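Across the two complexes that follow, chain A remains constant while its partner is chain B and subsequently chain C.
On to the complex of A and B.
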C-alpha cells in the first residue's frame, strides 16, 4: 500500500519540507468561486455562439504573457538617448509608446521623470492599476494591502525596505493611479553611460526603477 | 454619480492648471474612485486630463457622462498632518471634476 497512514483523510496534505528543501504547497482543492464559474460559462458561451474562437483567446493570453518590463526598458532607454522622443513621451506617453509598438489600450500613459532632487513612485491605492503593456503583470507586492496603504503614508520607510534610501533633500512624489491614467517612472540615467547606445542602456533599466521602488543598475 | 456626490453636474466648475481646490468630504455608497484618505483635503491642479466617462456610472453599466479629470497634487503635510514623514513630499491623484470645490 503506497500510503500507509493511520487516518485515511481524503484531504491529506504533505507537511514539512520536500527532499529538495522546499515547503510543500497545499493542493488547490477548493471549489470554484461564483465568479470563476461565471467566467468559464461566459467564455464557453462566447465560443459556442461563434463570437470568438478558443484559439483567439489563447492567442490573446499569449500576447498578454509576452509583455514584460523589457518593453518599458526599451522606452526608457530611448528617452535617455533621443531628446525628441523624450519630449514626446513626457507630453503624450500613450502616443509616444504606441509609436514604438506598445499600445496602452484605452488607458492613458503618463511618464513621470526623475530629476536631481525629485524621485517619483507609483501606487494604486484603490486596486492594482499598473502599466501592464509596458511592464507585464504587476508583482504580487504591488497588489498587497501593505504596499498600497503604506506607500502613500510613509513612502520613505517603504522605499528603505526596498533598499532605496533617498537623500533627505530629495522630494518624493507619490502618484496614486486612481482613475484613467497609468504611470511609468523615467529614472535618471546612470552615470558613466554617456557613450552607451539604447540597447545597452535598456539592460540597466529594472522593473522596480520604472515603478519607483528602485533605481537602474549602475554602469559598472 | 449620485446627486450627493456631484452636487449636480450642470455648472460644475472647471479648474485651470495651478488652481487651488478641495476634495469634497462626502462618503457616498457605490463605486467611487476618489480615495477616502483625500476627501476634504486641499491641493493644486497639477494638470488637466480632459473628459473621461464617469466610473460611478460605468461601474453599474449606466450611460456614463463625461467628466473633466484632474491630477491634483497634495502635500504630505496636508494629507497626514503632523504624522507626515516629510511635509513637502507630495501625493498626486486623479480626481473627477464634480468631486472638487474651488479653494481660496
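On to the complex of A and C.
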C-alpha cells in the first residue's frame, strides 16, 4: 500500500498493525476532507500562537498509542493473584491503577467484579465514556446507538449478540459511565489456572471481558 | 409525530437500535483523529476549556450530526467552537488558514505537511 511519509516529526508510522492491535486507516491516501482541513488549520494556529507545541501533540499521541487492553489485563491478573491489591482495586480503583502506572487523571475509576451468579457490563448511554487508561480508545460499537440504547433495556439479548449467553439465573448488572466516572469489569478467573502467575494469566484477559461483553479465554 | 419524551437526543439509554451482530471490524484511528483527541486533551489540561464545554457543543449539535458526521468530526467541531469562544483565534483567522491548507494538496498527507509550500 502506498504511503506518503510526511509525519516523521511525530515518529508515527501508518503501516501494519497498531499497538492496540488494529489495522491503521489509510487517511493519507484519501481525499482531504473539510474536518481534516480544520484540524490542520487549528493545530497550526495554536502552535504559531504559542498555545501548544508540535512536540506536546506528538507526545500526547504516543501516550494514547501506548494505552491498550494490555494495561487492563495486567490489572486484572494482579487482582486475581494479589488479594491485597484486589481489595485496594475494589475500594479505590483510581488509586490502585495509578499505583500501577495507569493514571486515570482527575476521573474516578470503579472496578466491578464478576462473581459466581453475577455478571457486570459497562456502557455510556450519554456518549462514549470508557476507561481509556486501562483499555485504550473504545471500539466503534461501544459508541454506537444500538449498544448505548439497548444494553440498559435488554442486556441479556445484547450480550447474546456478542456470543455471550449467560445462564438464566445469572444476575446482570449494567453500569452507565459518565464523563467523570469510568468502570472496568474484573472478570472471573478461568478454571484450571490455580498455579498460574500474573503474567501468564494476563494473556487470558481480553478487552471485551473487561467491558463485560465477553469472558476471558479458557485455560486450555 | 413523536412526543418529547423528556430527554435530549444524546441520552440514548432505553431507546431502540439495531442488532449488534455482524459488527464491522475494529480499526485504529487515523492520524488526524488522534490529533483531534490530543488537542482536546492538551487544551483542556491547559485550562482553555473543559470536558463539559466539549459535551455542551456535542449535545447541541442534535441527532442529525450523530448520523452524518463521524465521531472525531463531531469532536473537531466541538473543540474548535470552544477554542474560538476562549479567544485563542478568530473565525476569520481560521477561515483564512483553512483556505491556505486546502491549497497545499488534495490529501491529508500533502495538506498537513509543514514543509509544503503555501501558494498565496
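The rule is simple: the second predicted complex is superposed on the first by the 175 of 220 C-alpha atoms of A that agree within 3 Å, B and C clash if a C-alpha of one lies under 4 Å from a C-alpha of the other, contacts with A are read in each partner's own complex, and residues count from 1 in each chain.
Operating definition for what follows: a contact is a pair of C-beta atoms (placed from the backbone, for glycine too) under 8 Å apart; a residue touches a chain by one contact, two chains touch by 3 or more.
Given the structure is predicted, the values throughout are model-derived calculations rather than measurements.
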item	value
Partner chain(s) touched by A:203 [first = chain B, second = chain C, both, neither]	neither
Chain B versus chain C as contact partner of A:155, first or second or both or neither	first
First, second, both or neither for A:42, with chain B first and chain C second	second
Superposed model, chain A: greater residue contact from chain B or chain C	C
Touching partner for A:95 - first (chain B), second (chain C), both, neither	neither
First (chain B), second (chain C), both or neither touched by A:179	both
First, second, both or neither for A:52, with chain B first and chain C second	second
Touched partner set for A:66, first chain B, second chain C, both or neither	neither
Those residues of chain A which chain B touches in one complex and chain C touches in the other	125-126, 152-153, 176, 179
Of all residues in chain A, those that touch chain C in their complex	3-4, 6-7, 9-10, 12, 14, 18, 20, 22-25, 27-33, 35-46, 49, 51-52, 56-57, 60-61, 64-65, 123, 125-128, 137, 139-141, 143-150, 152-153, 158, 161-162, 176, 179
Partner chain A, residues of chain B touching it in the complex	33-35, 37, 49, 52, 55, 69, 71, 73, 79-80, 83, 85-86, 88-96
Chain B partner contacts - residues on chain A that touch it in the complex	108, 125-126, 152-157, 168, 171-181
Chain A-touching residues of chain C, taken from the complex the two chains share	10-21, 23-39, 41-43, 46, 48, 51-52, 55, 58, 66, 69-73, 76-77, 79-80, 83, 88-89, 93-94, 97-98, 100-102, 105-115
